[in-house]
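First the structure, which I've put down as structure tokens, then a few questions once you've had a look.
Letters A, B, C and D mark the chains in the order given here, with residues in each chain numbered from 1 onward.
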Amino acid sequence: MSELSETIEVRVRFSEIDSLRMVWHGAYVLYMEDAREAFGRKYGLEYMTIFRAGYFAPVYDMHLRFLRPATIDDILTVKISWKPAVGGKLCFAYEIRRKSDGELMLIADTIQLFTTAEGDFDPSAPDFYEEWKKKNGVI
Amino acid sequence: MSELSETIEVRVRFSEIDSLRMVWHGAYVLYMEDAREAFGRKYGLEYMTIFRAGYFAPVYDMHLRFLRPATIDDILTVKISWKPAVGGKLCFAYEIRRKSDGELMLIADTIQLFTTAEGDFDPSAPDFYEEWKKKNGVI
Amino acid sequence: MSELSETIEVRVRFSEIDSLRMVWHGAYVLYMEDAREAFGRKYGLEYMTIFRAGYFAPVYDMHLRFLRPATIDDILTVKISWKPAVGGKLCFAYEIRRKSDGELMLIADTIQLFTTAEGDFDPSAPDFYEEWKKKNGVI
Amino acid sequence: MSELSETIEVRVRFSEIDSLRMVWHGAYVLYMEDAREAFGRKYGLEYMTIFRAGYFAPVYDMHLRFLRPATIDDILTVKISWKPAVGGKLCFAYEIRRKSDGELMLIADTIQLFTTAEGDFDPSAPDFYEEWKKKNGVI
């Protein structure tokens, strides 16, 4: 089974650093979302693709571990990898590294649930997602 | 004609200060929006009221002048005042002061335009807004 | 041993809701920080208290589980509780509820590590934190 | 006199769109700061360059006019141009366009003031800034 992953670069913004010139911990949530959207564009799983299939994919669980602080002028690489899961779950793992030396700064995971427009969660995977998995060789 | 205004208190957040322990200039846009929403609740001009009348009121013009920097632990007062304007415009002025000594930190103005759900701007004021002005004695 | 906790109210901001009129998941990180700062003010463990003792307390681990989506106009209560931990760790648990009906929206945990100004992590608790625990009857 | 300008591309983030799938107006302040930092890197006027010369350059005045709303999936170009000004002022103009068709979405201006670490504003231009202007042929 092939690995589905994408890597983006993020430049730390002045507005994201705190009074210690370190990146505010909440900013990484944005970097992770940037990576998730880039993954969606690469593999055809964008927000709008999900929406047009009649679903949303809200984040249900999010775990971040901050290993080293990024600082102003750092360029970071954010690698997002798709993780197998049963049913209507969309799981990703993240690794954020400092580009200059490859140091690992953060590891994280998210779980999203496919819900209908009415907000109902279907524990089985939606058809469009099963097809997506087949098409991408991960089923 | 009575003045329509509302004043709220805002406590500076750690995540809003920059590497100089000063509030990042973009944070004031949020404080102003907090004040605008409080004004809406006080005078019956909430986002959802406008929406249910078939309109939106996107910000069209925004001007901020930063007189003194707020810092961590500051509590600020944000005063918003409704300003008369012709047609389908919604105009506010803002004064942000440090609560401890009343020092003026920022003055600002916004202009919003009433647009329909289709994105069309009607240069005359919508009926619901004319009624709102009458009801509040500012016409 | 007494429980050390604080509860704050947060009003959902227009800028925090997404295209589904649900609160963007990253906004809860801010609500949690607001609660952490209120806890610090209540129990004498503010950012500046820690800083003056020669330490920082960066977030090392953060876990959030999103149970129900908050929407525009919701008022939320954020309860933060101090959790016992060995050594130089500062642990909190969070419960976010909808104020109107008490529904639980989010549970979360954070772990912060006391580090020196040089960025070194001391696995034993700093003296000032040991004293703080004694003073608050949690040791 | 040559024009000093820089143009960057910004992709609209899911977290930046509001309930109408339009970019929240406060997000443009971030896009403008991204452009300012890119300008600084291109012409040697970064935040850290200014800081090492003993100065800060806080935003003193900011004006934005929102002409068309950007929406999800839009890619925007942000052009920042340096503007001549007397004394210790740093002035920029901004044009934000939709990349796909070149439509103008926003025009804006900022004025920054050079202040010392003590927060004093010197109405004459700092030496390092005069040298910068000479070096870049705009004096």
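Quick note on the criterion: contacts are C-beta pairs under 8 Å (C-beta built on N, C-alpha and C of every residue); 3 or more make two chains touch, one makes a residue touch a chain.
Just so it is clear, the model here is predicted, and its values are computed rather than measured.
Residues touching across the chain A and chain D pair largely coincide in numbering: over half of the numbers involved belong to both copies. Averaging C-alpha coordinates per chain and comparing to chain B, the farthest chain turns out to be A.
Look at where the CA atoms of chain A average out and do the same for chain B: the two points lie 34 Å apart. Mean C-alpha positions place chain B and chain C at a centre distance of 30 Å.
Contacts with at least two other chains are made by residues 14-15, 20, 26, 30, 33, 72 of chain C. Across the interface of their complex, chain D is touched by residues 20, 22, 25-26, 29-30, 33, 56, 58-66, 69, 119 of chain B. Contacts from chain A toward chain D in the complex involve residues 13-15, 30, 33-34, 37, 46-48, 72-73.
The touching residues of chain A, counted against chain B in their complex, run 14-15, 17-21, 24, 26, 72.
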